[in-house]
Structure formats: structure tokens, C-alpha cells
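To keep things clear, I will list the structure first and then write my remarks on it.
Naming follows writing order (A, B, C and D), and every chain is counted from residue 1.
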Amino acid sequence: MQYFLNGLPLGAIYAIVALSYSLIYASSGVLNWSQGDMVMLGAYLGFTVVQLLHLGFTPALFISMAVVAAVGVAVQYFILRPLRERQSPPINVVIATLGVAIMARNIALAIWGPDAQNFPSPVSPAPIQIGVLSITRQDILIVVIGILLMLVLHLLLHRSREGKALRAVAQDRYAAVLMGIDTGRSDAVAFATSAALGAAAGILVAPIFFVTFNMGAGLGLKGFVAAVIGGLGNIPGAIAGGFFLGVLESVTGGQISSGYRDAITYALLILVLWLRPSGLFIRKNRQKV
Amino acid sequence: MSAALPTMQVQDISRQFGGLQALKSVSIDVAPCTVHGIIGPNGAGKTTLFNIITGITTPDEGQIRFEDRVLPSQQPHRLVRLGVARTFQNIRLFKNMTVMDNVMIGQHVHTPTPILSILTFGRKAREGEEAARREALAALTFVGLEGKTPELVKNLPYGQQRLVEFARALAAKPRLLLLDEPAAGMNPTEKGHLLRLVSLLREQNYTVVLIEHDMKLVMNICDTVTVLDHGRKIAEGRPEYIRSHPDVICAYLGKGSQRA
Amino acid sequence: MKKQTMLAVAAALTTLLLPLVVTNQYYLHILNLAGIYTLITLGLNLLSGYTGQVSMGQAGYFAAGTYVSALLMLNSGVSFWVAMIAAAVFCALCGVVIGVPAMKLSGPYLVLVTVGFGEIIRLVILNWTPVTKGAAGLTGIPLPSAFGFRVVSERDFYYLILFFVVLGTYVAWRLANSKVGRTFNALREDELAADSMGVPVNVYKIAAFAISAVYAGVAGSIYGSFAGVASPDNFTFDDSVGFLCMSVVGGNRTIGGALAGAFILMFLSEALRAFQAYRLVIYGAILIFTVIYMPQGLAGLMDVYRRRRRPEGRP
Amino acid sequence: MNRKVISLFFVMALVILSALSLTGYGSAQTQKTIKIGVVGPESGGSAQLGQGQHKAIQMAVDEINAVKGTGEWKLEVFFEDDEGNPTKSASATNKLLQQSEVNIIIGAIHSSATLADMVITQRAGIPQITSGSTGSSITEQNNKWIFRTAVNDEFQANALIKHAKETLKVQKVATFTAADDYGQSGAKLLAAAAQKEGLQLSANPTYNNGDKDFKPQILAIKDSGAQAIFMWGLYTEAALIAKQARQLGVDVQLYGASGMAALKLIELGGDAAQGLVLTQSFLPVSTDPKVMEFVNKYKAKYQDSPIPHAAQAYDTVYIIADAVKRANSVKPEELREAIAKTTGLKLVTGQPKFNPKGDDIGKNLLITVIKGDKFELVKTVTGS
């Protein structure tokens, strides 16, 4: 049971990154491999704001979300828009986002150096004992804020005008254009939201995982895996996929063998995909002839 | 109906999608070397029937017999070996490949794939390719596109793409040709061209089954016509008989128009 | 056509005599490495370029090739050539095993399966210490011997690798320009249409995986002897990403693209060493630039150039 | 079609760029100089080790040249990044040997990279010293060109286990090591030492470098009833393990080795790292004047406290300087002989002395404990 509890905070982070993957994939069909590095940028920016400007946790959260959102929009505008105009094959788009990831990682290395940076936790690190189980306030904070972000995203998608445009584009890009929706704008909104989400994840995870220039790599890959489990492009699926992966890793890591943890996770995933080829949480989408 | 054994028999096919009864115990016999049209208002179940015949969709009940053998379902690639080729309602060509390559794919089942001979410039491989190229060129000449062989399919106008798909199906040397709305999107001259092509096919002992909305075309091309409405067969016979058949008119023009 | 053949003969001569002129070990080492990577991109082009099945796990086959042949040579004293064949067969089997899910999966879902495969192989090598010596890796991998003399120096390896690159390119070129290549392309363009035209889609999909796995496996067994050592650090997810970049930047829908991609990116990452700290930043930027402005890749650029000069093109 | 022109121009630039810089810049052999090539991970996962080594070597070279420490020999140093990848490391070593025509190689950090480099240096007949790789297989290749100034893992494992047995009187211990060459060799040595001392090894989970969540493994160790946890990896993961163990209420004694001995461990670990016992060859806060001088100079120059890899790399340059002075030549064989006979040098991490296999057995070993914001000396175990 403790392993389950322990998997939740990590699961929340995977869920947020998976959310960003699915949001971008749904709205613009792009597999954004630099998503993990947006998390890293968010963490570093939050660290800089707290360390240099001595501001509190919440201003750091908002400033870094804003800045990373801007980076997301810039990436979309300067790299992904030309790719769309040239109708380049999807594999080119994947390589382009990988290029962005490589650049982001090494620019961060050049700016903030190779050492891990500590990030003051907004809540006291003392664990809370519930019977035999223990969980820290920071973990609870992560899960709570994580779910909060997901709710905000849900509201944004379903209530606001931008959100509706985004979902329309996700359903059928061509029809959306006919209805006069500016897909350029909706792509920018999608990238900005997912980048901001990434930044929030970064700041949430920084106090307990520290900030290193290559933390994006691991998170980027695990986020992709979680998004695929949940069924790529499916927002609630991404959340479920994230928590599923977090708990799965915690249980296999602890109970079975830490060395083969990832191997077991991948083997299980391949089996899941064999049984349900479009992810755990989606009906098989039928192919129209 | 000629007394000879029908080339293809649709036997008591039914298929339901959720609440919708797409097809209800439909049976059709297609006589050899004839052009058999299947018509009906939108949503009558024509395309579903077509997908069942070509093995893409599995029927709830019934089966398809072709030359006295039951056609397998869910394995479209085995149909061509048995002599059944098809075209698609919305064109499914290999866009980034040349016209010649597209049509040569039709020849896939009729030519060997001698890996060793391919690697060593062997005779078997060369001859296989030349035979495939010859057949493809013949099919393209038949539809009148022999000059366009090196063009990329995506650069061709819509009508010509239709003809490439037609040629590809022909290249598969089928005994039964299934055409899914071949005249869709064609202008009158192209339709005339299609009319001539299909009648030529009939003379070369092909059996053709086609789904079409263009009544004028159907009436001119088809030897027999089956009419579907709401998944049921409501009429079948020679075009003249169908044109004046009360149920057909009523299905197409709605209830209140009982013309004498 | 005469100018064409003259050019080809000249190119062949220079590649053959090059190591006699260029004695600098560093250049030869880089050329040899680029040659080994070419074998991988050749297989990858057939797989993700032709059949459109993107794989981000080629490092898994590369690792399997290295370890199977190295362990066979080290433990049971088998000759290099027998070990290579065994490695190729093992990789072919791995290719088929990974090809099976590919029958039902495509796009990102298939990518995940290939990523999973690459990670599983690396983690098995890392943790199965009694056999693979884990992270310490294998050392003293024997050198191959060919026709009686031992392949030792960079120059000897140059000719061994040249032989395999020429053979690999020839086989890939023959397959690509035959019925097999045409069918692979058809699979990429429209799987359902190919299926309806009688193409046994699943057989071809799995064959493509097996072929690309054999290419990477052979490359792996050469790499083992060439480097003399092998460890899990060589075969990470980043390496698979690197191979995919070479394949796409080179132009993954052409055989020439495999050669172009491997050599250009290899030279690029070495040449950028001069920029020390900003090396990888520039590398990332160049990757982005090439995929945007040269969608068909470097080799694709040649096609576009050639096609514009002779519009009617070859049938 | 200007876009096509740009692309063609871009390709040409690419080719010229690659050819241009491959020609390298071998400087002419004017005044007597010894060229040192340094290979290490300046990017990638263990960038802080590579860059720490880079800074310390640069500082040592500048110092020696300034004070003409090696008579009329001038030191020249060339750095190449290997991203911690063995294939790139071999290419970097080759470049240093061929393009910069170096006389000796320092590097690499990852044992797998060092092994790959040794194949190249052995074939070229050039001495190589690694100040970062502790994998045991490195000095077992009967390769006379390799020397190692990194502290010996075996001494550390034995010292730590003995300390746990004698001072803490524990019976059940667990190892929690990195799944890389450093961690796996540590795990093996710890297990052997524990068996020799009659301690029961109740659990031995591992973790991947770059992992962030260690609670599952810590819980497994807690369930196994271990009374002490021996860690073997780098400071980032070690600090995380200490914090997460404290969060899970697991407060058994934590042990560590020289790989994680850096002030950053204390800074990141916070109060969870208090009381952590670890062995190291170099104590930033030691009273030894040579060490204090090194630490102050390093802090002055780089505003950062040095990590053990930096100290060992710093000493390696001094060993080379001393050797080239004694050999008074850069011929590989003579340089190798001079290094092998190194004695009587009093350096930051001890008095280097190489055994025939190339291991530096002159290192002294300090058992230290974290108190407040620095390491405190518990016991000094001199090299056997």
C-alpha cells in the first residue's frame, strides 16, 4: 500500500507531462519530444527567480510558467509552423522537436552549469505519519496542485472560447478551418498551455528532485510513455496513464527488482498495446474506408 | 438470368451496426460476363455490402460465394489471388509513387518475389519485372493513360486518378471487378470514356459489379440492376424493368409520388 | 551515360586507395565509425523510410549484435565470421519479435514498442552481470581475421568495413529498386490499398523489421571487434535517436540518404568539437534547419536537383 | 527558387566546415613542451565530474607554467568532451593523439570510456592516467600504459564495513548502488567485505543515474531490516536517497564512498545528510596546508568548492610534471618509466606511488562524517 501511495506524486508529474504530449498531439498532430525539457526550463527559471530575485514560491510559479509558455509559442512559431506549411512528413517533425530538446538541454548546461541546484520547498519537509504509511507535505502539494492544474485545463478546454476552438481543431482540423478558426492561433495556444503546464510540473518537482540540466530527458520519455498508455490525444487518458505509470514503477521498483524496473514496465506496456492497440482508455478507433 | 452457374453469390447477408440494421438477409446472384449494378438511395447499405464482399467487414450472417468458393473475411489480400479486384469510393492510390509503380502493385500476386534472384540480377527477377511492367502498361493503355507512366500520382487531375485506380484493379487480372462509384467526380466526357471501358470489359469476359449513383450511366452500362433500400433488396432485373418499378421510384422519390 | 560511369569509377578508385594516402589514424577512425553507422542507417531507411515504420530502438539490435558476437568469440572461441552470422540470426529473430506487434500498431504506438525494446536490451545487458559483466562491459574482444591475415590497424578495418558497406548498400539498393522496394513504398503510402491489391501486409512489415535488425546486428558485431570493448553506455536511447537523425537528415526514402546521413552527421559532430561548450547547441540547430528546409534530406536534395535538370526522369 | 539555393549553400558550408576543422591545428614543436590531452564528460549525465576535472587541470597547468615547475618544459593542455559515451571517448582520444599530437592522456571518468580509450592509447603506445575511473577491470588488462590516481575502491569498501562492524555493531546491512560501472564494482566489493566480516547482506537494490524517486528501493531495504545502508554513486542521487529515507522515517546509519564526497552533498542533502559517514582521499576542510591552499585557490578562481575528481585530476598534472622533469624527455617509453617510479611527492590526495598494475597505492584514506555544513575527520587509514 505504501508503494501505491509513494507512486502518486511521481504519477502526478508524469500525468502533467503526458497531458502536454496529448494536448499538442490532439490539436496539431505533433509529437513534441521537447516537452520534458520545458519542465527542466520551468524548474531552472523558478530556481533563478527564487534565488536571485528572492521572491516566494507562487510568484516563481507564475513567472516561470509565463516565460516557458513564451518559449513554447516561439518553438511553435519558428519551427513547427514552417514544417506544417511545407507539409513535411511527421518523422521530420519528430526530429525537429528532438533538436529543440538537445538545444534546450545544452543551453541550460551553459547557463546554469552542470551541478544540481537545490530548490527550497514551500512546505516543511517533515513527513506525516498515517498509521504505518508516511507521505510528505510536498508530495501532497504535488498531487493537489497537479489535480488543480488538470481541472484548470479542463475548464479552459470546455468553457473558454480558445478552449473550444482547440477541441474543434483536435476533432477535425480541416472542418475547423472551414468554420473560420485560425489554426495558427489554436496551435500557439496549445503549445503555450502545455509549456506552462510543463513549467508548473518543473517547479513542483524541483524541491524533492533538485534541478539538473538533463532532468528533461527522463521526464520527456516517461511522459511520452504515459501519454501513449492513456491513448495519445486523449486528455483524461493521459492523466490516468500518468498515475498508472507512476504507481507501476513504484511497485515494480520496490517489490520486484529495481534493476529491471524499466524493463518490466516496457514489457508490460508492449503487452498492453498488443491487447489494446490504441491505448488503455480508448475504444479501438475504426478506420473509415 | 442465364442458366450458367453465377460467378458470385451474395447469400443471405445481414449486418448490424449498433441499432442500425445496415443489411437484412440480402441475396444477389451475379451472372458471369455481365455488368451488375447495385443502386439505392444514400445509406441503403451499398458500401457496407461492398466492404463485406471485399472482406474488410465481417457479416453477422450469410456468406459470399465466388466461383463456388466461400470468400474469406478480414483478409482482403487473399481475394486478389482468388480473382477479385476492387476500386475505392474515395481514391486510395500511392500518392508519392509513379503511375507505373501504382499499377504494377496490382501485379503483385501474379509475379514471383525471388529474393535471391533480385539480389543477383537473376533472370527470374528480371522477367518477373518485365512481365509486370508489360501487364501494367497494357492496363494503362486500356484506360488511355500510357503516356503518364512516370508522373507522380499526386500530380494527376482527379478524373485521371480514378482511371489509374481502374487500371491498377485491371492489372490484378481479376475475373470479377468490383467498382465502388467509379464515375464519382467525373465530368460527362470522362463518364462516356468509362462507359466505353466497361462495355469493352464485358466483351473480354470480365464480370463487373459496380455501385453507382448516376442513373443514366447505370441504365446504359448494366445488364442487371439490384436496388437496395434500408438494407433490404427491393428490386432486381433488367434496367428497363427497374426504371419503371414502383417500389424503386418510391424509394428514390419518396412516398407521395406514385406515378402511373 | 559515359560521364556517369567515369564519375563512378573515379569515386570507386578514391575510396579504395584512400587509406594508403590518408595515414592519419583519427580520420580513418572517423571514417570507419561512419561506415559502421551507415550499415545501421541503411537498414533504418528500408524500415522507416520505405515502409514508414518509425523505429527508435535500433541501438537495441546494435547492442545485441555486439554482445552476441563478442560473447561467442570470448567464451566459445568461435571465429569472427561465425559469431557475426549468429548475431545476425539472433537480431533477425528480435526483429520478427518486434515486428509482430507492428502488425497491429502504427505511428507513436509503434515508436513506443521500439523504444521499449531498446531499453529492455540495454537493461538486460546492464543487470545480467554474470554473463555480460554488466556495466564493467566486455574487454579484449578478439580481432577478426580474413583470408589468413588478422584485421588489426585502422586501415585493415577500413577495408573490412568498406566491404560490408558496399555489400550492404548493394543489397539495399537492389531490394529498393525491385518489387520488394515498391511494395515497401506501397505499405507506407496506403496500407489498406496495398492489402486490397493482394500484398500480404504483415509478412512485408515483419520482413522490414527483420532486415533492419540484421543490418544493425552486423554493424554491432563489427563494432565489437573494432572498439575492442563494449558496455551498455554505448547503446542508449540517445544513440537510437542519433541513428534516426542520421536516417532522416540523410533522406530516409533513398538508399543514398543512408550514406549521406551517417557521414555528414558523423563529420559534423566531430567538426563541431572546435566549439567545445556550444557544440551540441549548434548540432541541435543544424538538425532543425535540415529537417525544415530539406524535407527529403540531403540525398533528397540531389534527387530534386537531378529531376529539375532532366524533367522526364527515368521510368 | 531561392530556398533551394540556400539549402545547397548550406550543404557546401557544412562540408567545408567539417573538412576545415578536421585538419586540426598541430602546433610546431618550438620550445620543449609536453602536450597533455584530457578526455572527460563535459556534457551529458556526469557533466559536473568532467567539468570539475577540466577546471582543476587547467588551474594546475597554469600554476606549474607560471612558476616554471618543470624546468624548461612547458605544459600545454587540450580538452575534448566525450559526453560520457565510450564511442565518442575513443574518437576524442584519437583526435588528441593525431591532431594535437599529445604525449599523454588524462581521462576518462566513466570506466567504460576509459577502457575504450585504453585500446587506442595502447595501440599508439602513449601513457594514459585516469583520475576518475575506479572500475577494477581497468588495471587488470596487463596494459603497461595505464595508470590510475583515483582512490582504490577496495580499501574504501573494507574500511567502511569494518567501521560499521566495530563502531555500530550491526549484523544486517544493505547496499544501494548506482547501476553503472562505478556502482556495480562498489556493490561487489561491499558484498565481499561484508561476507568477510560476517555481516548479513539483507538487500542490494540498485538505481539508474538520473533517477529521481528512490522510495520503492528504500522501502524494500526497510522491510529487509537492514541496520545500515551503504551507498555507492554520485552526490545528486546520494542526497536524494538521504532525504527520501528521512521522509520515509528510515533513519539507519548511511555510508558513502569517495564518488559522492563533495560539499554539494551537504548542501543538497540538508539535515538529512547529517551523520552520514563516508571515505574519501581528499578532505576540503582538512588542516593539511597543501589541501587548504588547493581549496582556496580553486574557490578564488571558480567560486565553487572542488569535488574529489577535481583534487585527483589536479594531483595527476603534478605527477606528470614531476615525471617529465625527471625523464627530461617526452618519449612515451621514458615518460611511462618516470611515472611508474613516482615517489616522494606530497600532494593534495596523498603520496602517489604506483604498483606494477598501475594503481596508486600511496593514497591515504580518510573516514569522515558530515557534521553541520562540513566533513569532520573520524579516522585516517594510511594506504597499505
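Quick notes on this one:
By our rule, contacts are C-beta pairs under 8 Å (C-beta built on N, C-alpha and C of every residue); 3 or more make two chains touch, one makes a residue touch a chain.
Fair warning: this is a prediction, and the values are worked out from it, not measured in the lab.
Should one ask which of A-D and C-D has more C-beta pairs in contact, the pair is C-D. Chain C has the Cα centre that lies closest to the mean of all protein Cα atoms in view. Put simply, the C-alpha centre of subunit A and that of subunit D have 35 angstrom between them. Computed centre separation for the pair subunit A/subunit C is 32 angstrom, with centres defined by C-alpha atoms.
Distance between subunit A and subunit B, defined via averaged C-alpha coordinates, is recorded as 48 Å. For subunit B, residues touching at least two other chains, in rising order: 56, 88. Within subunit C, the positions touching two or more other chains are listed as 126-127, 192, 277, 279-280. Multi-chain contact residues of subunit D, defined as those touching 2 or more other chains: 43, 179, 206. By the touch criterion given at the top, residues 48, 54, 101, 104-105, 107-109, 111-113, 115-117, 119-120, 123-124, 126-127, 192, 237-238, 241, 244-245, 248-249, 252, 277-281, 283-285, 287-288, 291-292, 295 of subunit C touch subunit A in their complex. The part of subunit B that touches subunit C in the complex is made up of residues 54, 56, 76-81, 85-86, 88, 92-98, 100-101, 104-106, 108-109, 111, 113, 115, 118-119, 121, 125, 128-129, 132, 149-150, 168, 172. Per the touch definition, subunit D reaches subunit A in the complex via residues 43-45, 47-48, 50-51, 179, 205-208, 210-213, 215-217, 219-220, 235-236, 239-240, 243-244, 246-249, 264, 267-268, 270, 304. Residue ranges of subunit C in contact with subunit B, taken from their complex: 171, 174-175, 178-180, 182-183, 185-186, 189-190, 192-201, 312-315. Against subunit C, the residues of subunit D that register as touching in their complex are 3-4, 6-8, 10-11, 14-15, 17-22, 24, 42-43, 79-81, 84-88, 90-92, 94-95, 97-99, 110-113, 115-116, 119, 123-124, 135-137, 141, 179-181, 183-185, 206.
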